[in-house]
């Protein structure tokens, strides 16, 4: 009986003290700075600059140093990279005629960036790449009709690349840009006639 | 003396769907409850709403390309999935991981343990009605997300480990950042405890609720905090050591010393809180003793894995995560089976739940730390 | 209010028919004013609660719509107003449609007897607090109707839990109220305030130790009456999605929440009236006689001061109710009932008897000094508790090496 009464009052005391402590903690948070970053308009620097350079943002390609080895295309687990190469049999030069990355499907795993010998395909720190048209989500790093020669790595010289994010910003269209009139230019089966077409994945 | 014959009304129990969309089943899990008033008579879990055929995808993707998918098996503690898969394939390939890489793996995994338990304890509090501790936990998790950004570039799906090591070395200055975070974290935990763990209402909701006896826990093959809270002294890191864990000193937290009894929901909660402190100690030891060296064994771009069968297990945050991999000499796996701790935790609900009230079921389910992606893969 | 009405009726010589029309119009006008106040308060409280909850969770609440987000509630109200009125097919339509109005009416009718300042009360009935206790039980009908008619087992569970909770917690509320009524000698709200004085040790909360305990019992019970955490099982979000509110959408949903937020005011106003001396101002002993003796603009200034004092104390308690909501987890149903019947009711009875003993003590000689010393000790311990709370909060900030940051308007 006495024990029950003692427990009764101990319960009341424990409830009181623990609730008091909890209330003190919550009250103290009213006097601390909230950690919200009010993106995108009330921050001093854009978030893209606050991120470390190793951040796995949207993929971008510096075409000047791409060697055309197709390692990224073979490595991608979901086959979103499409590279077409073309060998001009007269001049015996190799060109890249298409380099499409479908960022609607990309899972930003970074496996393609690890195998690139020169580091031309890399992650930018951009993450705002949405579009109203899914066709515009295929980034074309080689324009339709253009051809870029393979880069020949020079021995003992690091390849010089453009700053991060620039390649993406050149290629990225606004979110409400209209879809290209000829979708075949972007997705699908259009390929350049070439003697040596790009190897398909299995 | 005549026996008093009492005619009872023929009643059915109400069948209610704690349906796929519910704020407190963590993810999409359907529990069919057979209720009599507030008391539960039977629970019938239905799973499979989040099935993404990850095991089938492993038969179509190359071994290295499958590493990002192992993140998504349990995205709240993705490093363990990475580690289990990499350990399995390394056993098949027969390669050794350099010591520095093992230390980096341990640091990443234990950081993941801390942030996962923050969410687990926070969502337990949220299920019981206290919304504030969850957000405080998320705030601390944000700092670790920033550290993870610097370690591997991503905040949730890390894709950090590769066969033979890890993908990137630490940036300079990252050790100091992790130690700063741990200093603050060790001051944060007492405040978190003052806010919610010591709260009388919280304790009263959790003690003696959903008691799992140790033999039942073992026979249902529970793991992790669920098993240890019932008093069973079993931890894969100590009993079947892998990676660099033999070189660290850490305590295995067992339930039974807390208010209530061993195996109740409060014990599971407290085991997680104390595991966070132990993980912090392991990270400190790792950073202090990290050796120089390679962070990855250089492999062929597309390793051809010899045929064989292997089962690798890691002590994940929710139990034991195991990958049973069968390969047949090609560059994709023949069959992968992922054994997750949440799936077996779902099996303990039908034996234990009868007799609980609906409010207790929420607390019990939260204390098991079940996440739907792990259950359904 | 009554004096204004009487002056109108005597100064304008009107026929009885016109008089009754004026009466009806007068009542309607006051009802509209009170409704406007209640609606505005409910709206603004929703924004304030979200802001305070945000800061307690280390984040900012809504701060975009209007300066500092202060028009957020108008945007939310408009949005709910314009939403499609979805009534599920198998519900009990008349009950489903009618339930929100009952809940709203139960809450709104309590505003009729709440004081706002000296002489400012919609209706100064002699059974003030008794009427309020009775009319706030109306919401049980509304909640049960909502839970039952929703044709949803989860809503039914929520409705039944709520009915059990509200009806049970009427008893500790009544006991705590009686503790004060015994000290004041009247049920009239304005008279209860006039019995208290300006300084804190003349308030009823610090009158004797039993009324201090009764304050805590009353505070917890009135939280349970208003379905606020830690007693918000009927609308427990984590278990029942939204309890009895699950099937409601649009304007009907808003009605339920309006009633809950307006109930904050009712709760806090009752606490201020009974325990904290209502519109009395510290420093002015017996404000009532001061106002009666003054005239002209000075009188109106004093009345304004009394309104300000009442608002300040009430808003402080609104803040405390919001603060408690975002800190504590919720109780389970049987724990709720245990707390009511095993803890609050016995202690409430003891408080009532103890307070009655204190009420019949003589007021002269040694007894007077004894009572005054008890009042001063209780006041000191009360304010000491507040100081310890503040000190503990600053300790929490220092323990994490955080800095103090008071910028409220983010």
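Every chain is named by a letter (A, B and C) in the order it is written, and numbering of its residues begins at 1.
What we mean here is this: contacts are C-beta pairs under 8 Å (C-beta built on N, C-alpha and C of every residue); 3 or more make two chains touch, one makes a residue touch a chain.
Just so it is clear, the model here is predicted, and its values are computed rather than measured.
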Taking each chain's C-alpha mean as its centre, the one farthest from subunit A: C
Centre-most chain [mean C-alpha coordinates]: B
Centre-of-Cα separation between subunit C and subunit B, whole angstrom: 44
Inter-centroid spacing, subunit C versus subunit A (mean Cα positions, whole Å): 53
Computed distance of Cα centres, subunit B from subunit A, in Å: 28
Sites on subunit A at which at least two other chains make contact: 19, 21-22, 24-26, 29, 35
Multi-partner residues of subunit C (at least 2 other chains): 56-59, 326-328, 396
Sequence positions of subunit B contacting 2 or more other chains: 132, 139, 191, 194-196, 199, 201
Residue ranges of subunit C touching subunit A (in the complex, touch as defined): 52, 54-60, 323-324, 326-328, 343, 389-390, 392-397, 402-407, 410
Interfacial residue positions of subunit A with respect to subunit B in the complex: 11, 14-15, 18-19, 21-22, 24-26, 29, 35, 51-52, 54-56, 71, 74-77, 107-111, 114-115, 123
Subunit B residues within the subunit C interface of the complex: 14, 16, 22-24, 38, 125-132, 135-136, 139, 184, 187-188, 190-191, 194-196, 199, 201-202, 204-205, 357-360, 362
Sites on subunit C touched by subunit B in the complex: 53, 56-59, 153-154, 157, 229-230, 232-233, 236-239, 241, 326-335, 396, 399-401
Subunit A contact footprint on subunit B (complex, rising order): 61-62, 64-69, 132, 139, 142, 149-150, 152-154, 157, 159, 167-168, 171, 191, 194-196, 198-201, 301-302
